[in-house]
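What follows is subunit A paired twice: with subunit B in the first complex and subunit C in the second.
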Partner chain A sequence: MTELETKIRAEAERLLTEHVVDVVIAFRQEDAPLHPQPAFFTRAEELESLTYNGLCANNLANYLTRYPQETRIGMVVRGCENRSVNALLVEKQHIRENLVLLGIPCEGILDWRRIVALTGENVLSVEEKDDSVIVHTHENTFELSRVELLHPSCQRCLHPNPISADVLLGEPKPEGDPTLMRLRIEELEKLTPTERNAWFKHEAERCIRCYACREACPMCYCTECFVDHTEPRWTESGVTPAGMQAWHIIRAFHQTGRCTSCGACERACPMDIQMTYLTDKLNLDMADAYQFEVGMDAETQPPFATLTLDDKNRFIAQGKRS
Partner chain B sequence: MTYRLPKKDLDQTLRGWANQAEVFAPQKREGYAQFLPWEAGNELLLDEPHNTRFPPKAFFLPQSETLLTYNRKLSQLEMPALQISPRIIFGIRPCDARAVALLDTVFATQENPDPYWQARREQTILIGVGCNQPATTCFCTSVGSSPFAHAGLDALLIDLGEAYLVERFTERGEALFANLASADANDIEQAGNIQKQAEALLETAFITDNLKDHLDQIFDSSLWGEFAQSCLGCGICTFLCPTCFCFDIVDEAQRDERVRNWDTCMFRVYSLEASGHNPRPTRAERTRQRLMHKFSYWLEHADQFGCTGCGRCVRYCPVGLDIRAMIRKAVATPSEAVHVN
Partner chain C sequence: MSTTPMKIALFQCRWCLYSPEDQAWVDNDLPENIHLVKVPCTGRIDPLFILNAVQGGADGVMISGCLPEKCHFKEGNLAARRQLAEFSQFLDYIGYAQDRVRFVWLDLQDRGRIQRELAAFESALEQLGPAQTLATRAPAATGGTHD
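And now, the complex of A and B:
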């Protein structure tokens, strides 16, 4: 058990034994060394299986909307999860007083697919040591560089530290480099429209419409998603180019001013489809046009969810056509 | 009889096949193994421990297919011509081939044959390659099969290093491997050892004795709700599953087509009725349905589990839910403790 795990367990135990919360949402490890699972602890005795390591790939804020607002929840949050919680609080999806956020300054999530690509199958265990990751397989032991194994969204992460945690477990990490996300988007913007369209189609057309991206996203909590709506139907039903492209573009647009660039959508995708380039572009637009960054507090509404009379585009207030 | 195919002759063999049929073989694209049309010189992924990411059931039951076109003015329906040209799928794993054989019990029954499935099945030859190195997510031996099983295959190749041992099971398989030298006693012994070694790598994932009856008895257990706590309700496990076959039929009215799409019991809308009632209202009932279908209901119609142990659902579940662990927990749940409401 790592020092950090000991700290998380101690906090979780305190929250549960002192009845501060009803449930602690964290991770646990079963047999699979590459896949820790989201876990929901309601009794201190269960905490023995609590795990925390770089392979904990899910955004736990995703589970917040499954609980009634009265439920008092303790949750392990990294930088992105904390901001997702804030974005959900902005949308009145829970009550801040009923949350205890156990903050973890994040070193980034390790991409298990990269590990398998480098070490082959049959991974038996993974150890993290400072800047390296040691992977034991049936046949070999590999020492890999941590940075190279990070999920792309984590490589570009701006805010690894939880910004409104109730308890901070671990030393804060340095903030990320804002140029990294911008550089990637600028690379795409350099392409001609035809090339960009080809890029978009190439990614979207591998989609199998399993909606893992939607289900892994804390902000996709609609009771009925537009693709499931039947009257009227908004998209084609099948895995046709039109249906898949419509899904990808509309999913992204619904995230405008709501996405924290956590990358949970890409990590869940079974077909390795890149999709954060769409939401990252929207996030940059939000920053450039409105100086807005998602989830930096629990009150500020996203620009597209607000209407003020001093809006510089006066067309709605004055009834003019734009 | 078993035969010997030197590896250096494989390319020539595939060239010969490509003259008479479209040949598909596992190749890497987008970073993972896929069945793609084979062309001379393509690098094949025949010794990857795991199988292609997308299941080969799609060769027979495409994720989306047009069943009918209609003309509303003339009140006419038309079935598209099912002109499937001959296909050879080379390098399919025994678990995936067995899945196709299992799906024959659904789509190729005497009473209700599915013409779309049948047309594709009749034109397709399955040539397997056994798994010398099963992956940690594999569990075929726990569900009544093996890394060298024959079910669904026309022929099976076993990798002996310099050559393949070839076993032929059907006339179509025999025709594709005519004029091969017989395997000698050494080859046969080596193949036997490889099989034993591979099987030894596969641990017992769960005990299947009496599994169906037990699952039926714990239908009302709270266990399903425990699994559902972390389940995202996405379609990965069922869409990547080689045996899941549920589909939905939709009219794409904008182009006058009636379309069949894969569907999944993991989606909320799967069992949602027009009235608004949903007999499987939460992820708990939906998770239960997935496991019950595979390990209880399949036995009722096919007398086999609807799982071939390919491990895709284990490998790609985004929250690390492992069907093996779920069945182990179900087995460990005492039926007496279940309250029936």
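And now, the complex of A and C:
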């Protein structure tokens, strides 16, 4: 058990035994060493199985909307999860007073697919030591560099530290470099429209419409998604080019000013489809046009919800040009 | 110059044409290549509607609405402007040129402007040629889904 796990467990135990919260949302180690699962602890005795390591890939804020607002929730949050919680609070999906956020400065999530690609599938255990990751398999032991195993979204991460946690466990990490995300989008923007379209189609055409990205996303909490709506049917629901492209376009667009770039959608995707190049583009547009960054506090409404007549100047200038 | 006329989807706010002659022209005398979708306000236009038009093979999308401050519902057009302007940029990002989505914000004195705007848009589209990047849905007659 690592030092951080001990701290989390002690804090979670305190919250549960003192009845500060009804449930603690964290991770649990299961049989598969590469896949710790989200866990919901309601009694202190259950905390034995609580775990935390770089392989915890889910965005736990996803589970916030599955509880009634009266439920007092203790939650382990990293930087992106904290911002997702803030974005959900902006949308009145829970009450801040009913939340206890156990903040963890995040070192980035390890991409299990990269580990499997380098070591093979027979992984027995994974150990993290400073900047390296030691993977034991049936046959061998591998020592891998942590930076190379990071999930792409985590390599581009801007705010690894929780910004509004009630308890901060661990030392704050340095902030990320904002140019990394911008560079990637600008590189795509430099391509011709046909090339960008080819890139988009190449990603979208692998989709099997399992909606794992939607289920993993904390901001996709609609009770009925537009793709499940049958009367009227807004888009094709089969695995057709029109349906797959519409899903990717509209799913991303519904995240405008709401996505925290945590990358949970990409980690959940069984087809390894890239999606953050869509939402990152929308986030950058929001930052450029409205100086808005998602989840930096629990009050600021996203740009699409804060229209004012001040838009008039922008409105007419663009109207004349087009 | 192509021989087949460019297909245009025209989303029209029902309050934006102040002159009855213009409205009558749009309602009755639109050329066949222009598909009219009348909405109660531009704020009603979901990006999905535009995407459906684009996937259905529209070479261009024109959105006609009222000026800011003149919206029948006070701020519907402001909401539309923020969303749809961003959506057109987003479509551009994935390969549907931004010039193919055009906004026209009409005022009281803009009598007859909608005809001019449509004609100008059509000739601009002819320069661009037919849009093929996102047209994925088969026409209804050949088994595609209906609108």
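For the reader, a short list of remarks on this structure follows.
As a convention for this text, the second predicted complex is superposed on the first by the 310 of 322 C-alpha atoms of A that agree within 3 Å, B and C clash if a C-alpha of one lies under 4 Å from a C-alpha of the other, contacts with A are read in each partner's own complex, and residues count from 1 in each chain.
Criterion: contacts are C-beta pairs under 8 Å (C-beta built on N, C-alpha and C of every residue); 3 or more make two chains touch, one makes a residue touch a chain.
For clarity, every value in this text was computed on a predicted model and none was experimentally measured.
In the superposition on chain A, contact is made by A:Thr240 with both subunit B and subunit C. Once the two complexes are overlaid on the shared chain, A:Asn197 sits against subunit C while remaining clear of subunit B. Of the two partner chains placed by superposition, only subunit C is touched by A:Thr256; subunit B is not. When the two structures are aligned on the shared chain, A:Asp288 is found in touch with neither subunit B nor subunit C.
Shared-chain residue A:Asp311: touches subunit C; no touch with subunit B. When both complexes are overlaid on chain A, the residue A:Leu188 reaches subunit C alone and has no touch with subunit B.
Of the two partner chains, neither subunit B nor subunit C is touched by A:Glu175. In the superposition on chain A, the residues of subunit A touched by subunit B in one structure and by subunit C in the other are 236, 240.
The touching residues of subunit A, counted against subunit B in their complex, run 30-32, 35-40, 57-58, 62, 113, 117, 120-124, 206, 208-212, 214-216, 228, 236-240, 267-268, 270-272.
Residues of subunit B touching subunit A in their complex: 30-32, 48-50, 53-54, 63-64, 133, 135-136, 229-230, 232-236, 239-240, 248, 250, 252, 254, 259, 261, 264, 267-269, 314, 316-322, 324-325. Those residues of subunit A whose C-beta lies close enough to touch subunit C in the complex are 188-189, 193-194, 196-198, 200, 226, 233-236, 240-242, 245-246, 249-250, 252-253, 256, 278, 281-282, 285-286, 289, 303-304, 307-309, 311-312, 314-316, 318-319, 322.
Residues of subunit C touching subunit A in their complex: 47-48, 51-52, 55, 67-69, 75, 78-79, 81-83, 85-87, 89-97, 102-105, 133-134, 136-137, 144-145.
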